[in-house]
Amino acid sequence: GGAAEAEKPSAGENSAALFKELPEKVQKSGTINVASNVEYPPFESFDTDGSTIVGIDREIADELEKQLGVTMKFDNIAFDAIIPGLSSARYDMAMSAMSDTVERQKAVNFLDYFSAGGGVMTSTANAEKLKTLEDLCGTHVGIVKGTTEDADAAEASKKCEEEGKKSIEVTIFAGQNQAVLALQSDRVDAFLVDSTSGSVIAAESKGALAMGERYQDLAFGIVFPKDQEQLMGTIQKGLEAIKSDGSYDKILTKYDMADHSMESFPVNGVKE
Amino acid sequence: MIEPMLRARNVHKSFGHIEVLKGITLEVQTGQVACLLGPSGSGKSTFLRCINHLEKINDGELWVKSERIGYRRSGNSLHELKENETARQRAAVGMVFQQFNLFPHRTALENVVEGPIIVQKVPKSKAMREGMELLDRVGLADKYKHYPAQLSGGQQQRVAIARALALKPQLMLFDEPTSALDPELVGEVLDVMTSLAASGMTMVVVTHEMGFAKEVGDVVHFMADGQLVESGSPTQVLENPREARTQAFLSKVLA
Amino acid sequence: MIEPMLRARNVHKSFGHIEVLKGITLEVQTGQVACLLGPSGSGKSTFLRCINHLEKINDGELWVKSERIGYRRSGNSLHELKENETARQRAAVGMVFQQFNLFPHRTALENVVEGPIIVQKVPKSKAMREGMELLDRVGLADKYKHYPAQLSGGQQQRVAIARALALKPQLMLFDEPTSALDPELVGEVLDVMTSLAASGMTMVVVTHEMGFAKEVGDVVHFMADGQLVESGSPTQVLENPREARTQAFLSKVLA
Amino acid sequence: MSATAVRRNEEPELRVVPARYVGRWVAAFLVVGILGMLVFSMFTNERFHWDVVGEFLFAPPVLSGLGKTLMLTAVSMVIGILLGIVVAVCRLSSNPILSTAAWGYSWFFRGTPLMVQLLFWFFLAALVPTIGLGVPFGPKLLEIDTNSVISPFTAALLGLSLNEGAYMGEIVRSGIRAISTGQTEAAKAIGMSRMQTMRRVVLPQAMRVIIPPTGNETIGMLKYTSLVIVIGYSELLTSVSIIYSRNFQTIPLLLVAAIWYLAVTALLSIGQYFVERHFERGFTPIKGKKPPKPGTSAPAGTVAASAAAQNIEPELEPIK
Amino acid sequence: MSATAVRRNEEPELRVVPARYVGRWVAAFLVVGILGMLVFSMFTNERFHWDVVGEFLFAPPVLSGLGKTLMLTAVSMVIGILLGIVVAVCRLSSNPILSTAAWGYSWFFRGTPLMVQLLFWFFLAALVPTIGLGVPFGPKLLEIDTNSVISPFTAALLGLSLNEGAYMGEIVRSGIRAISTGQTEAAKAIGMSRMQTMRRVVLPQAMRVIIPPTGNETIGMLKYTSLVIVIGYSELLTSVSIIYSRNFQTIPLLLVAAIWYLAVTALLSIGQYFVERHFERGFTPIKGKKPPKPGTSAPAGTVAASAAAQNIEPELEPIK
């Protein structure tokens, strides 16, 4: 049947709706190579067996595979390697819950597929005191290297100073885990983190940590090198297809992320 | 009775199951020059090394003046000395090694003054002056800036002698101090040693040169196979040896 | 005219600005035992090292048989030899160093058989047998398993001699081969060398022992200050020296 | 005034008391005490979650990560050491181009972060999309797609070995320098070629000096392999970090990794001890060990002799 | 049959042709060729974005990161080397507790990933919320908040130095082992204490062997410092990675880091060359360098003499 064909696409007689629109190279190889840093639940993480990738991105990819008729092969690599991987053409695209920003758009293209934004995570004890960016003046805040919250904190700190309050002290950590550890050992008072993964961490912490509201509206995008316009267009159509057949929203609902759903999937949609 | 400078009683030393010294008993009086003769491998170097506590003896006693080498007695116990005490004992004994063992990273003069400056805390300028005098005495004043690798065998040996003398020790141990020297230099080194002996320094000299033993030695000890075979005045031991082993050894000596 | 084994013409050698060899010219005939005598620092060791191309000469020529050491002439050019060619030249020349330079990580026997097995590709069992024979000849058969650090000075020197002999070279260079030996052993090593000489081996021996030179030497060369002062038969040079420098040197020799 | 007249007043049996260095023992006990406290507090501290440690210590992903770590370490150290010997010999060569090239190699590979090198090899395609065989600067005869040649494993090996070669080169060089010129001259004098001198005389002796820093490198390599995560090759540390990024049990899972690293390091150290002992032969002369009873007249050479007896009978090393 | 009768057939002036090792030169040119191609393709490859490299090479965050890298490297290497000497001396000590403790230290700190050590020190608070001074296992006399004592910088220094000490210990040990027993015996014979022997005789000679692997460690440390990112301390590599994670210009920014590392490595290598030369004194006897013209009768010792003249006049090293 159709599903089996989607699993094992064979060039030439592929019946998937969007197969013909894929770049010739992808049609021939039957795979799209996807770079991903698989340490970021709920978007992507390894299942308990240590090798199967699970998460929102993977499930969206599963749905896209049905539309495209090719395999989307995820490779786990470090964040630092994603851009070199794209420009070396080892990977065709990257799905790793990457925030779309204007600055990054100069280097790559984003196909926005998930509305997101930073939030403030604190220990439960501080949850009432530190809720928004304005509350953070004079505190010590942790941030994960490579996230957009870096800029948010700098901006908020500037605002604090303008208002005559104490500025925010920022420490950048290698990864979420170290930042959480810092929060737990009172090294930092708050942790600026994307609200989606933040709520997962808070849920896992058995009540020790609390995730505040989102303070901004940004988007995660699928990342394409500048010369992969055709593939991007096809994936965009694929996303629209799974939106309209409801499977996109089903996935988000399954992960408790329904409020992050997007209506359309613009290219480089973030404008400031 | 005047206390002897060196007293060895029944000294035994083994390496693994090989017994190299099989009970050496001898005395060297203050101011004496004792020559140690004997075939290769008879344990002469090992005995010198024991005197300087570079090897621990397995049995017996060694005394330099009133000090027991390596141990202190209290009651019926022998307390092993700590390293810094051993170091103090050694500073009174000078030694010239068979293989010289000069410090390769120091020039000839630096080799000589190292002991006085570092160990005896002699002021640097004084030590340097005396060091140069010593180098001059062994005919190497012009080579003072040379590193050991830039010196010939005989020159290295003379630096080693100067280094040991610089400490003005009470007792000097020479392990074949003239092996690398030509006959001319042997004479010069001999002069240095004779004047040392005249100034009251006690010396134990391992040597293969009969002439040397005859000229400088007060006593000759003949060792063979880890044992002291015969002792006596040079003329007696070298010209009228009592023991068969000594006679055999000397009979093979070239004219 | 029979080709001499060794031919040196106007050999110069400097270290930095110090000229150590100031034009040495001599010949050693095949089967001859040539003794090199001279004061310390006169350049004897340096000359031996030049013969074995361990030092490059600055000027002059050195020939072993019909081969120019270190160079090959073609037309009016001297082509410096490559390392493996130099190695081949060296294999025909044996050398015993003043400092022995035994391989510390190899036992006495292994030191001796290293050359035959590795360089001359002699079968192992044959090399071992011959090595043991050589050790026996220098009186060390029972020490074949010992490492150099476990041997006395004289024992090390004898292993060094055995190691050089194991290669059965045409020309042997000895740098004070008996300096660490007692008179008894000197006699034994001498026996070994005499039998080598009888078997036609050519030898250049740096020595300080006049007796040795007299007994074994066919010719004696007296060096001083980088120059060859006098050459001749042992009796002539040692008993009736022509040059003042030689006379001065010999006058100081101990009886 | 006979020098052999020896005083023979019989002394009683004397007890030998070894030297006591109080300061050193105090220091030693202090060290042991602090260590004991640390271990004690580690095992009783509940924040270490020893139950989680136990759960994951032998988990399949951890073991497979360990396997990959060991494999990468072993292969890249072997290649690195061989490269290192070549680099060291080149550096000490009289050919100025060779020695400069070796210097440049050391400089470049020690001077660039390993991560950058790994990225470079893995993404060679970004720079050189095809590997061409052909005349330099001229036409290419054969072209292959770089990505198809260089798998993550190949890239990891390339990166680690080339990097290691640069470090090992310095270590081998220091070892070769430690050997006195007398040794090379003696080797030359018996007609050995440069190669033979290196192989038979210089390197075996240099090993004494080379081994400890090489142990350092091996143990270091065990840990550097974790850098290969940047190119998506997951070894021990990555395997545990994948687990703790899922369950947030960071500390116990890092402990799991640490336990394995410690175990492997201990094994390596023991191996190193034996290798060192092998190359030590001939260098540490037998010291008479503890003398049984100086000052007493017990028959000498009994206790000490039997204690050191196994050392004095050196094996006749087979000549290879 | 006079041995001094020398053939004196005058020969024409001979031209000396140095030995040519064709193989080596081919190898050398190959190496240079490949290198040239690489450099050429690097500078022409537009993917390297040299404009971005130029833009960020001297950017303030990069420079401040570089400064932190250098500082951390310098301080932790100094502490590490001193620790290493202590560890090495303890390992070679005859006191079994001390030598075991030193072994244990080396084992533990080499055996745990540096990342874990850094995390441990920084998050000591998570494990030991207060540092207590008091009777071991008994009541505490003074308690202080761990976080207030251990700043990220302190934690980074602690982690790096303690780790480095373990590695340096092995390196120093290998250096000490390279010195023949004859040297220590000679030092003892002139009455030197253990300390004096170490300081004046053993270590200065061991330096020849110790320096190259220490250079390795220093250059390695330059890069290990990037691990301190795990505790939120950002040095060079972290600084650039913060920039490229914002603008996705990964390759040019990694090049920026690589350029700086290469520059510092080059400086360190040059420094190392001079330190090595200093400790080399006395070990490399002056070889007559290139002889001017053997086989000809040019006045000997002119060219060679002047060439080597600056070497032969060794400075009289001041005795410290």
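As written, the chain order gives the labels A, B, C, D and E, with residue 1 at the start of each chain.
Assume contacts are C-beta pairs under 8 Å (C-beta built on N, C-alpha and C of every residue); 3 or more make two chains touch, one makes a residue touch a chain.
Keep in mind the model is a prediction, meaning the values are calculated, not measured.
Any chain that touches subunit A and also touches subunit D is listed here: E.
Path length between subunit C and subunit D in the touching-chain graph (shortest route): 1. In whole angstrom, the spacing between the mean C-alpha positions of subunit A and subunit E is 42. Centre-to-centre spacing of subunit D and subunit E amounts to 16 Å, using the average Cα coordinate of each chain. For subunit D, the set of residues touching two or more other chains reads 21, 115, 119, 126-127, 251, 284-286, 312-313.
Along subunit C, residues 15, 83, 99, 150 each make contact with two or more other chains.
Shared contact sites, meaning residues of subunit A that touch two or more other chains, fall at 80, 84, 87, 175, 178, 181. Touching pairs of chains, sorted by label, consist of A-D, A-E, B-C, B-D, B-E, C-D, C-E, D-E. Within the complex formed with subunit E, the residues of subunit D that make contact are 21, 24-25, 27-29, 31-33, 35, 37, 40-41, 45, 47-48, 93, 95, 97-98, 101, 103-104, 106-108, 110-116, 119, 126-128, 136-137, 167, 170-171, 173-175, 177-178, 181, 208-213, 215-216, 219-220, 223, 226, 237, 251, 254-255, 257-258, 261-262, 264-266, 269, 284-285. Residue ranges on subunit D touching subunit B, taken from their complex, read 1-7, 12-19, 21, 285-288, 291-298, 300-301, 304-306, 308-309, 311-313. Only residues 49, 52, 54, 83-84, 86-88, 90-95, 97, 99, 101-107, 109-110, 113-115, 117-120, 124, 144-150, 163-164, 167 of subunit C touch subunit D when the two sit together in their complex.
Every residue of subunit A that touches subunit E in the complex is listed here, in rising order: 79-80, 82-84, 87, 101, 103-104, 106-108, 142, 145-148, 150-151, 171-175, 178, 181-182, 184-187.
Interface of subunit C with subunit E (complex): residues 7, 9-10, 12-19, 23, 25-29, 32, 34, 55-61, 70-71, 73, 76-83, 219, 221, 228, 231-232.
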